[in-house]
Amino acid sequence: MTGLTVFALTGAALVGLGFYGLLAARHLLRRVVAFNLIGSGLFLFFGAAGARGVGPDPVPQALIITGIVVALSATALAVGLVVVHARAAGHAVLPEEPEEPEEPKDEGAT
Amino acid sequence: MSALLTGSVWPFAVLVWPLLLGLAPVVPAWRVQAPWVLPLAPLPALVFALFGAPGATELPHLILGVELEAVPGGALLLGMTAAVWTAAGWHAARTLERSWRAGILVGFWCLTLAGNLGVFLAADVVTFYVAFAAVSLAAWFLVVHDRTESALAAGRVYITLAVAGETLLLAGLLIGAQAADSLQIAAVRESLGQAPLGGLAVALLVAGFGIKAGLVPLHVWLPLAHPVAPVPGSAVLSGAIVKAGLIGLLLFLPAGTDWGAVLMGLGLLGAFAAALWGLTQRNPKAVLAYSTVSQMGLMLLLVGAGVGAGQAAAFYALHHGMAKGALFLLVGVAVAASTPRERRATLVLAGAVALSVAGLPLTGGALVKAAAKDGLAPAATFAVTLSGATTTLILAWFLHRLAVERKPTPGQNWAALAAGAALLALAAMLAPWVLWSGATDLPAGYPLRASVMFDAAWPVLAGLALAALVIRRPAPELPPGDLLTVSRPRARLHAPRRPVVVLPTALGRKFVRLLIRARTPEMALRRWSAAGGLLVAGVLLLAILLVDF
Amino acid sequence: MNALVAVLALPLLGALAAVALPPRAGVRAALLATALTVAATIWLLLAVARRGVQGVILGGWEPPLGIGLAADGLGAAFIAMSAAVMGGVALAARQMMAPDVVGARAAFGFWPLMLLLWAALNAVFVSRDLFNLYVGLELLSLAAVALVAIGGKEAALAAAMRYMIFALAGSLLYLAGVVLAYAAHGTLDIGLLAARDAAPSDGLALALMTAGLLAKTAIFPFHVWLPPAHAGAPAPASALLSGLVPKASFLIILRLWFEAMPDRAGFAALMLLAGLGAGAVIWGSLQAMAQARLKMIVAYSTVAQLGYLLLVFPIAGGDGAAQPWAAGAWTGAMFQVLSHALAKAAMFLSAGLYLAAVGSDRLGDLRGLARTMPMTAFAFALAAVTLMGLPPSGGFTAKYLMMTAAFAAGQWYWALVMALGGLLAAAYLYRPMAVLFARESLIAPRPVTRAAQAVPLVLAGASILLGVFSAPPFEFMQIGRPDAAEEGL
Amino acid sequence: MTAALPVLILMTSLVPAIVTFFLPQESHLLRNALNLGSAVLKLALIVAMLVAVAGGAIYEAALPLAPGLVLLLRVDEIALLFVSLSATLWLLTTIYAIAYFGDKAELSRFFGFFSLCVAATTGLALSGSLISFFLFFEMLTLSTWPLVAHKQNRASLDAARSYLLFALPGSAALLWAIIWLESTTGPVLFTDPPDLGGIDPWSQRAIFALFIIGVGVKAALVPLHGWLPAAMAAPAPVSALLHAVAVVKAGAFGVIRVVYDVFGAGTVVDLGVGVPLAALASLTILWGSIRALQQDEIKKRLAFSTVSQVSYIVLGAALAGPYAMIGGLVHLVHQGLMKITLFFCAGIYDERAGIKRIDGLNGLGARMPWTSTCFSLGAMGMVGLPPLAGFVSKFYLGLGGIEAGAPWVLAVLAASTLLNAAYFLPLLYRLWFLPPAEDASGDERAPALVAPAVVTAAGSLGVGILAASAISPLGWANLIVLRGYAP
């Protein structure tokens, strides 16, 4: 059981968790978090799977860094949207999906 | 481009001249006095019939290529027709009341005339059909001219039968033309004999022409139309127009067709039944109409028998046309008569013509009958002879009605009208004598033989005797139009209006409802929980299809 | 400087300028950048037409290490398409996105986002590297989502959020596929992948990438985010979103299945894709019929029209690629992409004009507008002709080529779907047409300048001309095409 | 030159169409001048070509769209027959329409689509390939819609909708057929019928059926005729154009093309699809007449009569013999002349006397003699009264029927003649014989309305009387059959 495999498995696990969260959670912020989980999992897996033969492989690292940047910007926009939407709608869930019971009514509202 | 016209220009002029005159009423200034052109319209035809040179005329560019030629029988009838139309035209010119309606009548009078002359001149199927359509349809205006309710009713019957006749004819002619692969009447007649559909074609033609020629039971329009038409109109209808049907049969009936027998049978039936039925009429013109049906019956019998290739029938028609025309005109003359002397003169003249029609020896009628009997089977010969009696009977009845009917309309110039009728009557008397040698191969003295004279005389006397009885104890009065009681205008045709289909709206509404329902799953899909699940499912499905295990 | 680089760099610079400069100057800068990019696009087109595929290796690093960009006939055609639509939208937006109309924030936000979107599109069109494509796709999605949101209304924000979720999910799936591909082959360059020796994980990778891209392309049944998003955005934004954005992700699917991994394209999978397409055509049309708002109708029609694109796979994909009819089907699909882009942009811009005129796009409020705004109505009608696939429009050329190929391939049922789609399109586009044509108009419309009305008319006209003169683009798109059977049927 | 001329002819109506759209409503003079001028120019060009083509010349212009998509304009005899009809009637209808509308609203739109419609018809006539035929066929469908909907009231919008409801599925069927066919045979040019060897007979029959459905909608073949009577909601000039020249004729022309240039008469006979088509046409002839009897609106009655009359052309094509072909071709022109006369007159009655229903016609003959005379001529021509135009067509159709071994055609023609008489003669009877109503009004002091009717009426008389001459439609039809379709 090499370290690489551990990385790979952890990555896969993260992806799985993320997907679960994505499908289970209604609250938009949670979904954003879930996305980030998946993203990180993939990058981890990428790093592990990308390491070919001996020595470091520059390509995956470059790609991962790029990906992280992209993910960051995406997350930023997403969070921003969640906030604006919550301000406008008074709640942080999509109209077609009923409120979650434990969710405070005035969440994100000002 | 071939020449516009080859051959003699006369036949063409004969047809075009009336058409040109017929346009006179278009000029408003002339409209009221237009009837004066009527006696002039047939003149070229008259001249052509008397001195016309034989030989064909072709106008390749007209209609489907017009060919004109006067066949022997046709020439006789052409002359007769021209004469009748001239006399009638003269009568019409003097009697028609001057109104814009007169203008319409003049137009269609000339059109009818052109068609009537055309059927005797046409040498190709299409021209014949065109002419026939003109004569039979345009004549409708002569029937309905007075616009009275009965006139319009009679007009409906007339036009219905006429259009039906046209249709039957066209079908028949088409079969013939196609079989012959030619429009020549002669060729078509040939091919009708052996063409696969020839039998059908002949049946169609017999029906089509029969309607016009008053073949029982297709004659019903005659007794309806004649009483209601103006006097000159009836004259040409009975004298000339019905002969269009006759010439049609003469031209197209192939030699030795089985339909000859049928024609003879129906002709015989008409000859006697119509004459007797005429006794139930009171209106002199109605009586004359039935007499026409019966006379046409005789002619159809002759056609059916195919005597002398139809020469006999044509010869007979020559006389009957002019005589019957004269009789109808005399009805008008009698109406115009204001003094007893004039009335008496009218009746005498009418009587003379009637006797000629009945076939009293030495009259024109006797000659044509004699010529007709020549070559007939004995039974048929006897029938023709016997018909003299019924003819006498009905015409006597006619004279009686004419004498008792009195509704003089003053203001007409009796002499002028009488002169026209008298001239026509004279022509009817003499023409057979003049044309005898040309029309039959019998010796010149034949009509003067005792046996012939006797055969001609006894039916007339018998008829007169019967007439004496009938006039004393008349038959019950019946409305004209024996087989037909004129129906009200066909209300059926204007059945309740159904809306024009736009689209099955019920179906449309169902569809819309279905659409609305389709939005529910769409909304459900929007839920990420559903859509995300679908997405995963999609991945798996694709993976299953793409990964080869 | 290379035309290829120009079409990528100029919009980016323009975007930066639009952000940096004060609003009025920013708009001018944006318009300038637009003009320059259009010019650069023409330059690129000429270059491709004359000298074939245009390539550039960034930083001199060869793939697999470096990144290569290349504009083949197809890419160049798509770039031209986006240039045409962008140009039209920019002209229309000068009025529609004026601060006094949509508010300062939206007015300010629109221009940089538009140029960003443009840059991202062009990047996707010319990239030959899967990860590069990922980046471009992300950029595209972010700009698009932002464009949906700038309206600022609650519904628009919700739509943007929904869009965001789908987009992110899609890109993550795609990324997963990319990772697998790299793990197996150590390269992400399409050219090199085509020449790889197959690995067991390829199927999974392709499945992941395809699924992700389908979600981004809004292919039935992953389309639900599209209609509210496109209908909620301001009209010029909708024009871009509906006309151009989905085409980018579709192009990647195309490159994957036709260029990177054609060996993986089994018939069953191809049929599945086409099946989804058929579903999109029918479902989208039915939904469009059920809508009461013009922009929703147009948006759903996008769902339907995108469906046609997937029908190309079983006809020209996999073993079909070598067949004589492949070129026809493939080019037909491309014609559908181009003509739809132009027509759809024209439609959304017309809808925007009506919105500006009567302040609503409910069908009931549009009664009688054909009388007051004939040019716009005519533009809408022309666009409708293209979407119905009636001659002589580009849509017809597309349909004709694809249907002929479908018959030739013995897959007549796809032809039936296309024919049916045309009728359904007629059905859902008839309602707006009839309403516009009605006599009585309820609302007195505000006047709209002829210049503004001209823009959609030109775009719609272009979608028609694409059909009238379809031979040159047909030839053009064959440039640099793998196993291109030059002459169609 | 030979390439330029067809394009030029197309442009003579396409260009004015486009220009007219941009003319302001007020500029009557310019608009009328433009439309009339181009109509005259077009007619002149066509006359010039008639002479040349009669001499054996052929004009062609090709525009390749995409592989397999070639837009081919080809001026041959049959194309000229149709195009000269449309050009002539276009000129007359334009005059009529200008007078009819006066300064009503939306004239630029109307005349724009009007010219577009004619452009489409022209293109249709000149199409030398199946695909270009389809192209213009669709162009016609679309350019007609605004004309039908022109009044923009409920009725006309419904009519327009039902028009598309019928037309578009028809187009789909047509496209379906074309592509099915061409996917095997390659692009089909009318000059050389394609080799159908590669298609099994049943598929061929299916394709033929699809073709007939496609063009049959426009030709208003029962049961695809529903849109035509509904389209009566359109203004009179439109009805005139629709019924005489544009739409129904496009359909009929399409049938001729399909039978003779796509499949070829021989194949049609071998496949045994000719007789069913003829039967369908006959059914349409009779059904249309029967429905016409039941209408008491003049235009509706005329509409159903069109349904019936146009199928004469289809019948002629379906019988697939030289005589029938001549009959069909010549009826293409004859029906146009007669029917447009009738619609002109119906429009005049409506416009000048406010009369839409049949019972309103009583006694109009005296007050509107010219109109009523034209109407009577048209009606009698429809009945097939010699020597009017209708008779000539009927004569040849009859011959063709017998020749093709289908004598039942005679019965159909006979029945149709009687039915025509039954629904037309009562109108004439009312016009000329019944007394006018007390409150009756109306005059025909509108020369620009009456003149076109007089011309077409005279035409439908003239083509009958001069049928045998070489310059008549019949002469031209003979030429077509001799050169192109001689068995």
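All chains are identified by letter, namely A, B, C and D, in their written order; residue positions are counted from 1 within each chain.
Throughout what follows, a contact is a pair of C-beta atoms (placed from the backbone, for glycine too) under 8 Å apart; a residue touches a chain by one contact, two chains touch by 3 or more.
Quick caveat: nothing in here was measured; it's all calculated off a predicted structure.
Q: Per the definition at the top, count C-beta pairs in contact and tell me whether A-C or C-D has more.
A: Most contacts of the two pairs: C-D.
Q: Per-chain C-alpha centres versus the global one: which chain is nearest?
A: Of the chains present, the most centrally placed is D.
Q: Averaging only over C-alpha atoms, locate the centres of chain A and chain C and give their separation in whole Å.
A: That pair's centroid distance is 28 Å.
Q: Report the inter-centroid distance (CA atoms only) between chain C and chain D in whole Å.
A: 42
Q: Can you work out the whole-Å distance between the CA centroids of chain B and chain C?
A: Result: the chain centres lie 78 Å from each other.
Q: Where the centres are mean C-alpha positions, what is the separation of chain A from chain B, in Å?
A: For chain A versus chain B, the centre distance works out to 101 Å.
Q: Listing for chain A: what residues touch at least two other chains?
A: 22, 31, 94, in rising order.
Q: Mark out which residues of chain B touch at least two other chains, giving numbers and ranges.
A: As it turns out, chain B has residues touching two or more other chains at 526, 528, 532.
Q: Chain D: which residues touch two or more other chains?
A: Residues 161 of chain D each touch two or more of the other chains.
Q: For this entry, which pairs of chains touch?
A: Chain pairs that touch: A-B, A-C, B-C, B-D, C-D.
Q: Give every residue of chain B touching chain D within the complex, in rising order.
A: For this pair, the touching residues of chain B are 1, 60-66, 100, 104, 126, 129-130, 133-134, 137, 144, 147, 152, 159, 163-164, 166-168, 170-171, 174-175, 177-179, 197, 200, 493-495, 497-498, 500-503.
Q: Taking the complex as given, what residues does chain C use to touch chain B?
A: 162, 165-166, 169, 173, 200, 202-204, 206-208, 210-211, 214-215, 221-222, 224-225, 228, 264, 266, 268-269, 272, 286-287, 289-290
Q: Okay, in this complex, where on chain A does chain B touch?
A: 19, 22-23, 26, 31, 94, 96-97
Q: Taking the touch rule as given, give the residues of chain B at its contact with chain A in the complex, in rising order.
A: Touching chain A: residues 523, 526-529, 532-533, 536 of chain B.
Q: Quick check on the complex: what are the chain D residues that touch chain B?
A: 158-159, 161-162, 165, 226, 229-230, 232, 293-296, 300, 323, 366, 383-387, 391-392, 394-395, 398-399, 401-403, 407, 410-411, 413-414, 417-418, 421-423, 425-426, 432-433, 464-470, 474
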